[in-house]
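Structure provided below as structure tokens; questions to follow.
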Amino acid sequence: MENNQWQTAITDIGPGKIRVRGYEITDMMDKLSFAQAVYLILRGELPDDKEARMMEAILVSSIDHGASPPSVLGTRTVMSGGNSLNAAVAGGVLVIGDSHGGAIEQSARIMQEWVKKDGSPQKLAEDLVADLRATKKRMPGFGHRLHETDPRTIKLFEIASQLDFSGRHTELAKAIEAELEKVGGRKLPINVDGAIAAVISDMGFDWRLGKGFFIISRVPGLIAHAYEEMTTEKPMRKLGNTNYKYSGPPERKI
Amino acid sequence: MENNQWQTAITDIGPGKIRVRGYEITDMMDKLSFAQAVYLILRGELPDDKEARMMEAILVSSIDHGASPPSVLGTRTVMSGGNSLNAAVAGGVLVIGDSHGGAIEQSARIMQEWVKKDGSPQKLAEDLVADLRATKKRMPGFGHRLHETDPRTIKLFEIASQLDFSGRHTELAKAIEAELEKVGGRKLPINVDGAIAAVISDMGFDWRLGKGFFIISRVPGLIAHAYEEMTTEKPMRKLGNTNYKYSGPPERKI
Amino acid sequence: MENNQWQTAITDIGPGKIRVRGYEITDMMDKLSFAQAVYLILRGELPDDKEARMMEAILVSSIDHGASPPSVLGTRTVMSGGNSLNAAVAGGVLVIGDSHGGAIEQSARIMQEWVKKDGSPQKLAEDLVADLRATKKRMPGFGHRLHETDPRTIKLFEIASQLDFSGRHTELAKAIEAELEKVGGRKLPINVDGAIAAVISDMGFDWRLGKGFFIISRVPGLIAHAYEEMTTEKPMRKLGNTNYKYSGPPERKI
Amino acid sequence: MENNQWQTAITDIGPGKIRVRGYEITDMMDKLSFAQAVYLILRGELPDDKEARMMEAILVSSIDHGASPPSVLGTRTVMSGGNSLNAAVAGGVLVIGDSHGGAIEQSARIMQEWVKKDGSPQKLAEDLVADLRATKKRMPGFGHRLHETDPRTIKLFEIASQLDFSGRHTELAKAIEAELEKVGGRKLPINVDGAIAAVISDMGFDWRLGKGFFIISRVPGLIAHAYEEMTTEKPMRKLGNTNYKYSGPPERKI
């Protein structure tokens, strides 16, 4: 007789029981921040204080980037067609492909492959960039259509350095940036995707989870856009991601 | 000439500038937890300490519920068809409709309507339950197919009470639970959807954002399931949400 | 012991056997057009010649409407983010909500409710329009942001009339159009959604299938747009549904 | 000044004007079957009689395969969560990835690459199979988990042969099937994906449209399943793709 039973190691449920990776959900609600719980469910183990702090910063970094990213256009377009909030969020998450957010995955994959090889970060960067040029490929996670220097990258690396997460992957990323400029003649700065890729790799995460960090971080932003569309715009309006203006509060300090 | 320019009050971007609701993203990365940043982007203002603590607990509460919810089946099915992580997450978020997670929205809408009326929570609950029975409708956010008493509800109300968020909506929710038992003859406990609905209403959130809290909370769970499916199962396998077994770590304490 | 077995009346499969509503798929491939097979799978029975001819015209009518509909923007945005063809089509289908294509469903629901009442189409239209005005609602399927008279409506009604499908629902639709103009002072022409709603109602289809006709018809158009985006545009480009130009073949005759 | 205007060669619209690839939609409604219109919009030109007949058979072939495919589970799961018809269809289309329907794309890509090389189909098949074995890859579009011989393949090749569409791609497909059996010791029959891949390649379609044929064909089946779920099942029920039974009409003839 056919037996299709399958297994899951994530959460154990039963009447009155919900245990994530072995921990009672009510204990988690008492003692963990959301970012700590995210770390636990993705990694299987609780983060220490440094890992928890790093998670918070990574998840805050990509929460929104205004109305220009295509995922926002996806979410607003679904909402504009007369749909529910979950459909609108799904429409935005769908857009987060190889060319948008997906660079974290590809960038982390390449870095995790190359750091296993012998040699200094500089030597590896030289070989990697030569390899990319020979095969006419671009290094994912470098360059940004808007920012000359991505402020999120600098802040992420600063926090990672304070927490001692700047390991061989981050060194390789910085060496690649320098090598790309040397060989290509112009700066292709590490963008936030590349920075997240380096830091999560130094934290020990599998590159195949890379896009997941971006999705978790960006979903609240997509919900804010869906809600704004729902409450301030007419259905079936003309939509685009260039012809908008910021109308919110001016600069302020926390 | 037609002018299609539109406005957004969420995030202001420019070269080297990313300001969410007026705050620099780098300041946010330094000083806010992810849950605080979520509060800011949804609400437009920073949370105080109590609001921040409440947000953490709400977002942790619904991070996962094992392999039985249909959103997990949606995510795993998309992954099993040979798709990318973002498509799998979108497939799960799509499932979060009126019958799954959507109860937060509907429950909060009803509570926010009824608390505006005159009368004690008990009186309102009597009228509301009579009204529902007359129109043969169910009260969303009450009853659970698995839990007789939902442990997440008890913990959420406990934390809300400690933080002084137990206002008129929570009182109404509890009065509805009592009235439903009195009139219907059996307990229909407030489930986690109903509890979140009551607490976010007491915090002042618009009911139309209700489903958003569930989506933000559950997306990391969906990513954990997508990753597990991707790394441990074969494509196109037979799938269902009853024939599985928990294979993770046994009970442990934080 | 729990028994979760469920039933489906659509297709019976087994080794070497695929029977849709009882008919062998190979027989269907030999003897049915695609539109006839669509009728069979939705309705459960084969169409006669007139029903088959009507199905072809309905499905052709909504195959595309250029680059302005939000569903096209949804599909192109997902493709532009670096995703697969199926994700891009899903992104477009997601947009087809209450405000876009969904009017077929709502319009057919209202018409199917009202034709059951006693009275001439004129009398019903008067009551229905008065009812809508009293509750400040719009009649779905009437009015178009671009076409003063929707050419697809005229052609659909012409073919339906030739095939004797112009029954009480179509008469009601035309009476509503006349009444809306009389009472409102300006023409709100039946659009293609309203016309499909009337015709499928006269053919005996349940209004809950209404949006399905639009989706089946439009999916090939979405695929053409996804393919054009994939083969002629760069990823992550700026996108909108107003700033485009038609660059295809000039007018020609079949 | 920045100019973001973009171009589309699919459909030209204006007040009272809808022209697909240059043809008036009303002319198309009068003179084309739906399958002919699908050919036109995908290919840019009208099909001749043989191409039209082939399109009908291809689109009929994959309209449904019962309740076991994961795309049906995706559609039913979204519907079961309490969502609209378009969200349910999107949920099913999302599942149609590399491992489900996506084989058409990959199979057509490989065949279109290899037929350009010199040599008889037999010689090419030998080299291709040797190549696949050396790189430990499988040939997409061959083998089926249920059918020993896929009846749709036989019928498609029979019709293609009658219409003179059995060209070099179909010959290569048959040679690959023979070679796989010779080298591997057991039959891996061309499945419907592989057969469609061969036939559309012989018709001159780009392999990147491959998955599109499957999606267009299967969407009506997904709608039938969504409608059945909506009208006969309770929300949030337990769901799976093994524990179901066919309850429709017995075998019958067209």
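Per-chain residue numbering starts at 1, and chain names A, B, C and D are given in the order in which the chains are listed.
Throughout what follows, a residue touches a chain if its C-beta (ideal position, glycine included) is under 8 Å from a C-beta of that chain, and two chains touch if they have at least 3 such contacts.
Quick caveat, the model's predicted, so the values are computed rather than measured.
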Intersection of the contact lists for chain C and chain D: A, B
Pair joined by the larger number of C-beta contacts - A-B, A-D: A-B
Interface composition of copies chain A and chain C: same or different, split at half: same
Averaged-CA centre spacing for the pair chain D and chain A, given as whole angstrom: 34
Chain centre separation in whole Å, for chain C relative to chain A (CA means): 39
Rounded Å distance between chain A and chain B, as computed from the means of their C-alpha atoms: 22
Set of chain B residues in contact with two or more other chains: 4, 83-84, 86-87, 90-91, 94-98, 101-102, 238-240, 242-243
Chain D - residues contacting chain B, complex: 70-71, 73-74, 77-78, 80-83, 87, 90-91, 94-102, 145, 235-236, 238-243
Of chain C, residues touching chain B in the complex: 2, 4, 83-84, 86-87, 90, 94, 240, 242
Chain B residues within the chain A interface of the complex: 4-35, 37-38, 41-42, 44, 46, 55-57, 59-61, 63-68, 84-87, 89-91, 93-98, 101-102, 105, 146-149, 151-152, 154-156, 159, 206, 208-209, 211-212, 215-217, 219-221, 223-228, 230-233, 237-240, 243-254
